[in-house]
Amino acid sequence: MGDYVVEMLHIRKEFPGIVANDDITIQLKKGEIHALLGENGAGKSTLMNVLFGLYQPEKGEIRVNGEKVNITNPNIANDLGIGMVHQHFMLVDTFTVTQNIILGSEPTKKSGKINLKKAEKEVQELSDRYGLKVDPAAKISDISVGMQQRAEILKTLYRGAEVLIFDEPTAVLTPQEINELIEIMRSLIKEGKSIILITHKLKEIMEVCDRCTVIRKGKGITTVDVKDSNVTELASLMVGRDVSFKTDKLAAEPKEVVLKIDNLFVKDSRKVDLVKGLNLELHAGEIVGIAGVDGNGQSELIEAITGLVKSESGTIKLNNKDITNMTPRKVTESGVGHIPQDRHKYGLVLDYPIGENMVLQTYYQKPFSKGGVLNFKAIYQKATKLIKEYDVRTPSEHTKARALSGGNQQKAIISREVDRSPDLLIAAQPTRGLDVGAIEFIHRKLIEERDKGKAVLLVSFELDEIMDVSDRIAVMFDGRIVANVKPEETNEQELGLLMAGSTESAGDK
Amino acid sequence: ACGSSDSGDKNNDKKSGEKVDNGEAADFSAAMVTDIGGVDDKSFNQSAWEGLQAWADEHGLAKGKGIDYAQSNDQSDYMPNLTRLVKQDYKLIFGIGFNLKEGITKVAKQYPDTHFSIVDDVVEQPNVASVTFKEHEGSFLVGVAAAMKTKTNKVGFVGGVDSPLINKFESGFIAGVKSINPDIDIDVQYAESFGAADKGKLIATNMYNNGIDVIYHSSGGTGNGVFAQAKDIKQNDPDKEIWVIGVDRDQHEEGQIGDNNVTLTSMVKRVDIAVQDLANKSMSGDFPGGEILEYGLEDDAISVATTNEEAMTDEIVEAVNEWKEKIANGEIDVPKTREETKEFVDAL
Amino acid sequence: MTSNKKFHLLVPIISVFLGLLFGAIIMLFSGYNPIEGYAALWQGSFGDLYFFGETLRKVTPYILTGLAVAFAYRSSLFNIGAEGQVIVGWLAAIWVGLSVDAPMYIHLPLAIIAAAVAGGIWGFIPGLLKAKLGVHEVIVTIMMNYIALYCTNEIIRSILTDNAEITEPIPESASLASAWLQNITYFSRLHYGILIALFAALVMWFIIDRTTIGYELKSVGFNQHASKYAGMNVSKNIILSMAISGAFAGLAGAMEGLGTYGTISVMSGFTNLGFDGIAVALLGANSAVGVVLAAFLFGVLKVGAVNMPTVAGVPSELADIIIALIIFFVASSYLIRWLLLRFKKEGK
Amino acid sequence: MGFVDLLQSIITPALFFSAPLIFTALGGVFSERSGVVNIGLEGLMVMGAFVAIVFNLTFADALGAFTPWISILVAMVVSGIFSIIHAVASVSFRADQVVSGVAINFLALGLGVFLTKQWYGKGQTDMVTEPFYTTDIPLLGDIPVIGPIFFQNTYLTSYLAIVLAFVAWYILYKTPFGLRLRAVGEHPMAADTNGINVYKMRYIAVIISGAMGGLGGSVFALTIALNFSHSTIVGQGFMSLAAVIFGKWHPLGAMGAALFFGFAQSLSVISAGVPFLKDVPQIYLLIAPYVLTILALAGFIGRAEAPKANGVPYIKGSR
């Protein structure tokens, strides 16, 4: 028992309507990376929020270094050397990295003035020590997600955290950032820290974790030694049935052109060109995956197609109909579905019931409304149907979207978009933050759409997702499509090079 | 709904009626409805109430026993208040302030056998006596005082809300000043509010900065700002000759600053006298229904305060009295409106 | 959910009770007799059909200003400008009432619509600035209040009248006043406006809870990005929300103009109908039904309070204190509601 | 009238007009920066004015020339305590912050006038005998040009207002307290996870706004109105609220906005006297300040971003 830094024993945590944690036990050894695995809504975040003092458990006890402790607020967690890297970063956008890190324990001069110089120096030292590259003076709102996450980690280290909790750290990262993070975790372990890692990516677990605790529907299932387990086992433990990984699909038979983009230019909010003369063709009955490093214009491309931002020049044709700079509504009506990258910002009205979110683009059409009057019966019928079909875990269709686990929020959005069966379905990071079961399910949905003769545009930073699902891969670099390759004719290394902008294109063979 | 049960007929509303029914003054009683200023506005509402109380003393009555007032918090309260007093069987009911014109007009129609009186305006109804004052005459006289007091030949007028009533003050004042010395400049400004002390102070500051040394204000609470500024200047430089002329009541007290006092004089409007007079009239049975009673200098309902002796020099007082005479014997006809003022001034 | 409904009713009732209780305590401590005080309050608002009529009359504009604030609030816009919108609505109604000459079935609707449009425009401007330039509606509406007040006064003086402080009464053909309603309430000024107000409440409920417009307005209020993504026109909805809100307030002005007074007079300050509307809306939890009930409570307390000084000698400000307390209790009871809700959820 | 005189005659009054607004707006900045909307500013000013006047009337003889200063201190304390009501409702009970702000306004005016009638038997008090008076600042006042404009016959309270604006700026942007307070208003959960007591910070902020609002009201009462009645504070609190937003929730911005209002008002009064503006109908001058404000906002101030969590009660363990 002595060698456990943290033990959570028989934890029970209830929320109105559900038992999020039911008699879960997890024990963290010193110096190990311990995976916490479970479906969306299984109760992982809740469990960790309990450990971090954000929630109080109804039952069970927590021990730190063998001592029974009562963590009633994050302060106590901090003092016990427990730090948490939340998935939705706990960072103040308008502050600098340093300000965020020192917030709550600021070094001051005698005058009572914050000693920023000193603080920035300390932050710099920390970041050098653990190889966490950040710009101490940069504003959070101006830096990449990856750097924001590193700031979050530094925050916990600055408070002398010995145990770090990562809630789905990799869900928001690009592959290269993920590799960096993995390195960081390793060096943290070298420094004698212990880590609890929540992730849905079994590969990552296999790669870095020592042990893995699996929970399902709020109940603790088991804890396994990663080295004598494997991906398939973990998956089935988590889901409670066998999961197939290689999504098996028939060869695509592309038909007429659905989407045709010519020489498109798009500026971002800061008025710099991010899409620079992009050309792209997309056929009915094929899935094209856009591979690329974050920030090469993928988001802008999507927002331009869907009418969320203005295109500077060039044309976007849908079924030979020019939809350039149409309003989002017109675009939607002409047959485009969009699974947005940022589900909280765009995908949902978090304060509307999940049911009303299901008709976000169709509320004004029959049968959901007649003559401007809503027909809630029809709306909730639809909602109930989708919730069932797509297995969205929610207390009821009247529950506010806010209350759903992010994973389930995502499922809700996907159900809504796919159900409209648009000619063109744009899926941006559709499986981010989802468990393997859900991922499998969604991939199958995308392929079904393709087989129905729809065109699917998949944007993802996850190479294996791209490789797995796409019929054709368009590599995007610096605002242009630099290569078109077939998944079966390429490999991650080649893609990696192309995405990095190396010119000797392997494409077009 | 709920109220309906105990209210068969409008005139025997027991609950609210009892207070006076058992009073000895059951035969005659008088009450008043204030305007938004409230019964203690240190101005004409208060003065009216004092009048009513004085009258009550004469006849051994008291609040709730023969006299009473109803306070209005906003303009929609006037009618309910009037009606309330009617229901309490008051024989004579005053509406204080032109704001109540509308209310009196309507209620008087509804209750023809009750006597009403509107102060500061005219209502043509057989059972309404209209009481107005010759503020213009009083203003004329303080204008005379101002004209004689000013050293810079610049005086100012600060009005509350630009309305016929306040124009009366303005007109009389201008006429008075000009009759003493046509070359005196008069700066007229309105704050568009009777409660904007800050605006009043801004205006006063500006006027005094521009060398104006006497300000006549007819602006209720806005005047506070005028006094504030005058007193501040006086405080910093006691020898500085700057003055405020008060309105409605003798505002001597407001002008006190240390041993000095910036209140030159005040255009005093004795609503109390009018009220008392009218109450007596109608008690002794000759209620001047339908008539317009214009109170003025002759019956001391309008007067010029002389509390500040060293400021109001004999010379000034004499002059004031002279002109008072002229007005009394119709030698001059003081203008009430801007048009009349223009003619009057041109005629000088 | 049922007990949730029950709770919805319970909270306000308890709050009102507590408010009155504290009011009584305050009266006791300041040496008044609470029984008398509340008797007077009751008298003043339900005492008989007249006062009940007056109460309903007072409730009428409160409902509409309450709806105005509530409506904007539902799309996360804060309309402090109801005050100004009331004033311009009032002005427009009277203006049409006086300048147009037509049979009632044209004239009256025209005047009412004019008021709604005027108020609508007064809400449209801040809406537009917010939607297009991101200027915060709170400041703009505050400023618009003053502009409305001063411009209206000026128009009354220089256009509607020849520098008088009050316009002629509007002709029958534009009046909401109802001989019948007045008779059954002994000449209270209760008018048909109450029906318009209640209908307006129905309209608001319908728009917000039942139509696609309401769906959009709320959605934009919650999350502009998602609304844009969903193909809604965010700017349009912001502007629409403010305009409709303004229209409701404008109607409140029409109620005063066409119903209660039949005239408009130079105002020396705000009507406070708009500001009180904020309290009414929030007291009514920004729902149509809630607003109607809150407005009723407001009317009762405000009208009843006027009777307290006369009958029980209690300063009428006590009503404001009670109102404030009630608002606090309602507001703070969200905690209890929240707890109860969670509790219920678990139960199921 | 010479240019300097002109400036002097515009700016000097602008200063005393603005001072109360500056104080109150600063209070508003603190409260809203911490995430608590405060439209109770009007009521807090009423409370301040009431307390200052009553205290001044009661102790003038005893305290003599110190009276006004002590009066505003007392007003600050009382209003600060009074504002706790707002804090309890909106921070602890998660009341809609606008609701309890409105209640504050009703309560303050109700209590003020009610007690005035209780204690003085009339609806308005007498005028205080010990108000603030303007002074010339010894040396500075003699500086040519600048001196007359800024340092002659001005209220010390006006300078106090400006000084406090800078103090507030220093506190909010240079000290740990300020950093935490702003964090609480931007992202309370982040602050919470950093071990900052969100509720405590918000309580403090609201109480500060109460004290500052009280200061604003009392200074208004003791420099301008000199007595208390139901119409002493009419809208100044809302103008202060406007200043908070106009100034983009920044202390110096709020001060600038308040000065702008004062300047515009003063200008509109002056203009009535200026020859070439003499025949401009008064109405235009009357509404000029408000129109100018709107134009300024629409023209070059533009979009104002409120603190992200402003108006949102913080509920532990929810996002």
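Here the chain labels run A, B, C and D in written order, and each chain numbers its own residues starting at 1.
Just so we're on the same page, contacts are C-beta pairs under 8 Å (C-beta built on N, C-alpha and C of every residue); 3 or more make two chains touch, one makes a residue touch a chain.
All of these numbers come straight from a predicted model, not from anything done at the bench.
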Original post:
Which chain pair is joined by more contacting C-beta pairs, B-C or A-D?
Top reply: B-C
Original post:
Which chain has its C-alpha centroid at the greatest distance from the C-alpha centroid of chain A?
Top reply: B
Original post:
Which integer distance in Å separates the CA centroid of chain A from that of chain D?
Top reply: 46
Original post:
CA centre of chain B versus CA centre of chain C: separation in Å?
Top reply: 34
Subject >> Geometric centre distance via CA averages, chain D-chain C, whole Å >> reply: 28
Subject >> Whole-Å gap between the CA centroids of chain B and chain D >> reply: 34
Subject >> Residues of chain B touching at least two other chains >> reply: 162, 192-195
Subject >> Junction residues of chain C, two or more chains touched >> reply: 150, 269
Original post:
Multi-chain contacts in chain D: which residues touch at least two other chains?
Top reply: 230-231, 234, 286
Original post:
For this entry, which pairs of chains touch?
Top reply: A-C, A-D, B-C, B-D, C-D
**OP:** Spell out the part of chain A that touches chain C in their complex, as residue ranges.
**Re:** 14, 16-17, 306, 308, 327-333, 338, 340, 345-352, 356, 360-361, 363-364, 369, 372-374, 395
Subject >> Residues of chain B defined as touching chain C within the complex >> reply: 1-4, 6-7, 10, 13, 15-16, 19, 68-77, 79-81, 83-84, 87, 98-99, 101-102, 106-107, 110, 160-165, 167, 192-195, 338
**OP:** Enumerate the contact residues on chain C facing chain B in the complex.
**Re:** 39, 43-44, 46-52, 54, 57-58, 150, 153, 157, 163-166, 186-189, 256, 260-261, 263, 265-266, 268-269, 271-272, 302-303, 305-307, 309-311, 316
Original post:
Once bound in the complex, which stretches of chain C touch chain A?
Top reply: 210-213, 215, 218-219, 222-223, 225-233, 341-346, 348
Subject >> chain D-facing residues of chain C, complex >> reply: 26, 30, 78, 80, 129, 133-136, 138-140, 142-144, 146-147, 150-151, 154, 269-270, 278-279, 282-283, 315, 317-321, 323-325, 327-328, 330-335, 338
